[in-house]
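Consider the two complexes below, in which chain A is the common component and chain B and chain C are the respective partners.
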Partner chain A sequence: MNTMTIVGKTFSKRLMLPVITSIVCVLTTGLMSFAHARDLPPDPYESVMWENMAERFFPGDKVIFDERVKVIAPQSAEDQFHVPLTIDASEISDVVEVVAVADLNPIPHILTFRPKKAHAFLGFRLKLQQATAIHVGVRTKDDVWHIGAAYIDAAGGGCTAPAAVHGTVNWMSTLGQTRALARRDANGDARMTLRMRHPMDTGLASGIPAFFMNTITVRDQNQEVLAELELFEPVSENPTLTIKPFVSKNGGLLEVAARDNEGHEFGFGLSVPAGIDP
Partner chain B sequence: MLKKSFLLTAGSIALSAGLFSISVSADVGIDDIVADQASSDDIVSYGLGPRGQRFSPLSTINKSNVKNLFPVWSFSFGGEKQRGQESQPLIKDGVMYVTGSYSRMWAIDIATGEELWQYDARLPEGILPCCDVVNRGAAILGDKVFFGTLDAKIVALDAKTGNVVWRKTIGDFEAGYSYTAAPLIVPTEAHGPLILTGNSGGEFGIVGEVQARSPETGDIVWTRPVIEGHMGTLNGEESTMTGAKNESWPGDMWQNGGGAPWLGGTYDPDTKLAFFGTGNPAPWNSYLRPGDNKWTSARVAIDPENGEIVWGFQTTPHDGWDYDGVNEFVSFDMEKDGETIKAGATADRNGFFYVLDRTNGEFVSAAPFVQNISWAKGIDETGRPIFDDANRPGDPVESADGKKGKSIFAVPSFLGGKNWMPMAYSQQTEMFYIPSNEWGMDLWNEPVTYKKGAAYLGAGFTIKPIFDDYIGSLKAMDPATGEIRWEYKNKAPLWGGVLTTGGGLVFTGTPEGFLKAFDAETGEELWKFQTGTGIVSSPITWEQDGEQWVAIVTGWGGAVPLWGGEVAKVVSYLNQGGSVWAFKVPEQLANR
Partner chain C sequence: MMTADVQKSRRAFLQSLAVGCACCAYGPAHARLLDYKLAANEIASDTWTVYGASEYFNFDNGGNIVNVAFIEVPDGVVVVDTGPSRRYGEALLALIEKTIPGKPVLRVYNTHHHPDHCFGNQVFESNTLASSQGVIDNIKLEGDGFADNLYRLVGDWMRGTAPVAPGKVLDAKTEVVGGRQFSHFYLSGHTSADLVIRDDETGVLFSGDLAFLYRAPTTPHADIAQWRTSLGVLAKTDRDLILPGHGLIDPKGESLEQTDDYLSWVDGTLRDAVSQGLTMNEAMALPIPRRFAGLGVVQTEYVRSVSHLYARLEDNLMPLIEITR
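Let's look at the complex of A and B:
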């Protein structure tokens, strides 16, 4: 109920509709949930959806909150269509996958990130339907889920509005157009940021089917996979992502392949400059 | 390099999924498709068998118990996209795969009528379908289902999940290409099974083409433009030119010659030929393109091994009435004068029912299946129409201002004696059941020049009924004699396909919303059911758990309400919808 109180205090009247929608969502999902056999650590944000999220996305019996999973988010979303989020779990070794969920989004699963040869670090932007807790599960090789969380206050409706690009007639002709940048951090780490044009339709806006980029794979010049991403509907329009792949100090080439849920395929190459010893 | 590595990944995923499903359930094999007509527990091809006969040997539902046919469930396509529904569902292992308007597809659990998955194509703005946003059905092979979308793409979906496996481009939708037909899957020795598609867009000056792809990857194996002068391809290289440049086309008119094979094709396992019908030549104004304009308004037999045209037969050479020759070519064996002819039959837009020798395309016979045909005086012994020059619209150049030629009244109308809706052939009665319409048109020609993505007609028109009390006419045609054995008259134009069964029945739907069953011998109406919206699709029947089922997709639309004319009077009140109805005879009534 804590969540609802915050919603009531913060939100103006015109946001009632999305709030009502989300209540329906909560009830529906609530009906599907069942008694949990396992003991879950309590959620620091007391999210009403925590147990359900853990059941669906962090299965198994080893779930711990771990402050090494840093979930860096604004306290309040200025723009519910583009809420910046940075996940940094690079202090944890043997990371297999990183799963991010927005508890109160109509579609909670934001993305899954598998840093094969990359830091467990990811920056991106997401859509929020209402104020919600964000839970990020980092699964290590020993099948322990290390959880980090954040709470973002937000105006509503980020998931049920048409993409901004749909105001233009020929938006599809620029589908997959990409801007990308690779550089070195001060400590010599390689860092790649890319932004790909895609509406990332959630399927929840009237008359517009779900249409979103759903896999991105980053390889090195030897075709070795450095990082895999599965994106879902809540990732913002024109997905913008930052990862930190392991690249030789001498520099190298990154090859990025992406595919959306309609089978469109996109790809490009990007060279990473040589590193300088910090 | 990058693309290649990605495809490898995708390929290996598909392969492992295939291996997995082989061990748990029987995927659709190419032999199942070729022999689809004989197996009544599934429907894995458009037309209930690749020959397109739409004949099911099932006889559990018969003339005496059809009155007890009751609906089991109705499934709504939902949304606000209730436009014309022309789809024929496929059936496999208790699952129905059905497509709908705006390039959507559903998998339905037949036992319960519940949805298993839904796929909605994300269509771009500015698609150019000429005649409603319909889809006519899917194809199935292995663990995938395939269908074409309005933006001229073909999509392969995982049959279990509805997820996109691959998506390929048939044509440029911005130039007017579109796709609505059910794809055709055929066997070949050289390439394994291939998936064949035509294209749509004859009103936009596109070039009609048949493409063959690998069902596994979607990669093109061969292409065959149907307009003379264009080059085909095979294995990524130019193969042969279709016909000879300028043999039947003047100047550069062949470059935007139309001939869209928009209704797809049929396949005959005996002759190993794929038969595609080709659309009208572009533009409609025939004075701009003197000559026969091959292969528009024709049937072409294509060798699936290499994409070569084995034979062609033009039903309306130098068409000036929009008499597309796309209508399905149905293979059947005909007894005539003590001989068995490997025949094929087609009921053309131009109002004549043709029987050809399907091995070589030679003309056997033609007979009118609608009344008062006026554009031709008849068909000569070679199969060529005897044109009535008085009923070809006048050349606009000869008019006072050069803007509008003399208007004429021609029968049938440009929507045809029969349009897309497929007929059925009963192996039991040896008759064809043709859904036809009795109407004509005022038609005149205008000057026109080609512009990408713009309508390329050079004609104006309006449709008029011929009789006061009916337009639609379901006819039983004896292919050996050309006689009409019986006729069912319907007030509104018929726009749905026909099914005939071993139970001696003929099924079809009406725009007024009824699914009806007739006695195949006499035409007597034995049963009807009101589905709540117009029917413009093709019924199916199959056997599941020992019971015979019948299903029909409903939802008024298609080309009739778009073009209307005076016909609008009998159809303007009809309401749209979008659903599938499934029927069977309840067990306790089966023997009554």
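Let's look at the complex of A and C:
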């Protein structure tokens, strides 16, 4: 009897699926036509996914392209598994969050960065599935999305191949292994670069479930949050990130806490040298 | 199942489309008839080179960015590297036949596994193709990936091209081919296996891509320290002339010095950049010294080199931090 019910349920679910799909389609179409009504500025790279990206990741009614959002990338991806990207919006004040998307990746959302007490500056690497526009939205306190963009040519397949570490024996033994350094730039700004061992599996390679570092929080010695990062599947294996937190001229301690989607937690401290007046 | 007739008419239709496209006055370069227009330049007695452009792969050059050479020996012809595609291999074979009529190709060397150097292999008889075990293994391992990428970069020039690994493994220091002695130097650094060939009669040293002249060195499989060691070995090797893998002929050994100078600068610059915590994009934007301004495609190659080398330097130079879990 029990079994029957389950079979019955499954059966009716199957029947329901096309119905639900049609409803979702109608709704989506409705939403999309709504999106068109939003009067978005045209994308300089004419990405076919621009309106969709804006609707999903840059909601609200104030979206402008702003050349102060610098999205620095090579024209062509030499290695589709590790494409370097640097976002520099440090000329914009009152930044709440920075959202980066790769329009044509199967999972477009790369990361969200909240520079609470840090420059809106971030260096990292990402995987690309094909040549695509990259859009970076910088939301300011007044709820305006300031958009910067880049276009990167690429060979295919960066998101659907197994991480390189799966070719080694016992890759779990180095999980979370961390290299990091903190420096002062010539102008006195503090800068931290970290590199953590993690496969950052997208879940799109056959037989390998999604397994990736998904949050990194940087605090000062008083436990005040300087920067928060939410990472998603497109971030490259062994995430390598550079940020510029605000640190007293006398130096200070950074406390970094990272966590992956299976709940592994990794933490470390790093001292920032005293700055010299530029 | 399609009948032969349907297939034929379908093909005719597709051909008419293709012709239509090719006739467009503003059609892209790759829609024109593809012809490498190879020319033989005599660089030493009975020794010719076919120069490639000092560029990166593109739709216009069809991957012809490489120096290939052939030598007339008493009983036949010896070839060093075969170019980027089957089409190139065919053109090379025709050029050899035109330059040295009626002599058989006895030996074809591959200096290393990069596709611009060995993707013409298909047109030569397999028992004539030879290289070191390392080069052969690398072609087998990476050939297909290179082919995918080269189709993407140069398009239809690649039609019909497939990687072929040499059947003959070289391991001796010298070999006599058709009455002429050649020396083999088993080196590495540009890739994990680089074969250098010397014609012991003319003293021409075929350096492969261990040496570049007025063309920026490429580093996708480079080990800079090994490479610089190999350049030291070549500097002490007797020779009368060097034919670099890319760039002009070099009677004075300038290519060895220039390549070493550039590699040393790239290595030092990237080490500094990693130590300062620069992002890869910031490292890519660093200024290139004026003395390298004359190296073809130096800006492109430097940016590529940052991609090739940066992560390995980070793993070597960034301090390991103790973590709590």
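Following the convention adopted for this analysis, the second predicted complex is superposed on the first by the 243 of 278 C-alpha atoms of A that agree within 3 Å, B and C clash if a C-alpha of one lies under 4 Å from a C-alpha of the other, contacts with A are read in each partner's own complex, and residues count from 1 in each chain.
Keep in mind that, in the parts below, contacts are C-beta pairs under 8 Å (C-beta built on N, C-alpha and C of every residue); 3 or more make two chains touch, one makes a residue touch a chain.
Just so we're clear, the structure is a prediction, and the values are computed from it rather than from any experiment.
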Open item on the list: In the superposed model built on chain A, check whether chain B and chain C fit or clash.
Closed with: fit
TODO: Kindly classify A:A73 by the partners it touches after superposition: chain B alone (first), chain C alone (second), both, or neither?
DONE: second
Open item on the list: On the A-aligned overlay, A:T240 touches which partner chain: chain B = first, chain C = second, or both, or neither?
Closed with: second
Open item on the list: Looking at A:G123, would you say it contacts chain B, chain C, both, or neither? Reply first, second, both or neither.
Closed with: second
TODO: Give one of first, second, both or neither to describe whether A:F232 is in contact with chain B, with chain C, with both, or with none.
DONE: neither
Task: Touched partner set for A:M192, first chain B, second chain C, both or neither - done: second
Open item on the list: Contacts for A:H264 in the overlay, against chain B (first) and chain C (second): which applies, first, second, both or neither?
Closed with: both
Task: Which of chain B and chain C A:D201 touches, first, second, both or neither - done: first
Open item on the list: Which chain, chain B or chain C, ends up touching more residues of chain A in the combined arrangement?
Closed with: C
Task: Which superposed partner A:P84 touches (first chain B, second chain C, both, neither) - done: second
Task: Shortest CA-CA distance between chain B and chain C [superposed frame, angstrom] - done: 8
Task: Common ground on chain A, meaning residues reached by chain C in one complex and by chain B in the other - done: 264-265, 267-268
Task: chain A - residues contacting chain C, complex - done: 72-74, 78-79, 82, 84-86, 123-125, 155, 176-183, 185, 191-193, 195, 238, 240, 242, 264-268, 270
Task: Residues of chain B defined as touching chain A within the complex - done: 1-3, 5-6, 9, 79-81, 120-122, 124-126, 155, 163-167
- [ ] Provide the residue numbers of chain A that touch chain B in the complex, in ascending order.
- [x] 169-172, 201, 203, 206-211, 217, 219, 223, 255, 257, 259, 261-265, 267-269
Task: Contact set on chain C toward chain A in their complex - done: 148-149, 152, 220, 275-282, 284-285, 303-304, 306-308, 310-311, 314-315, 318-325
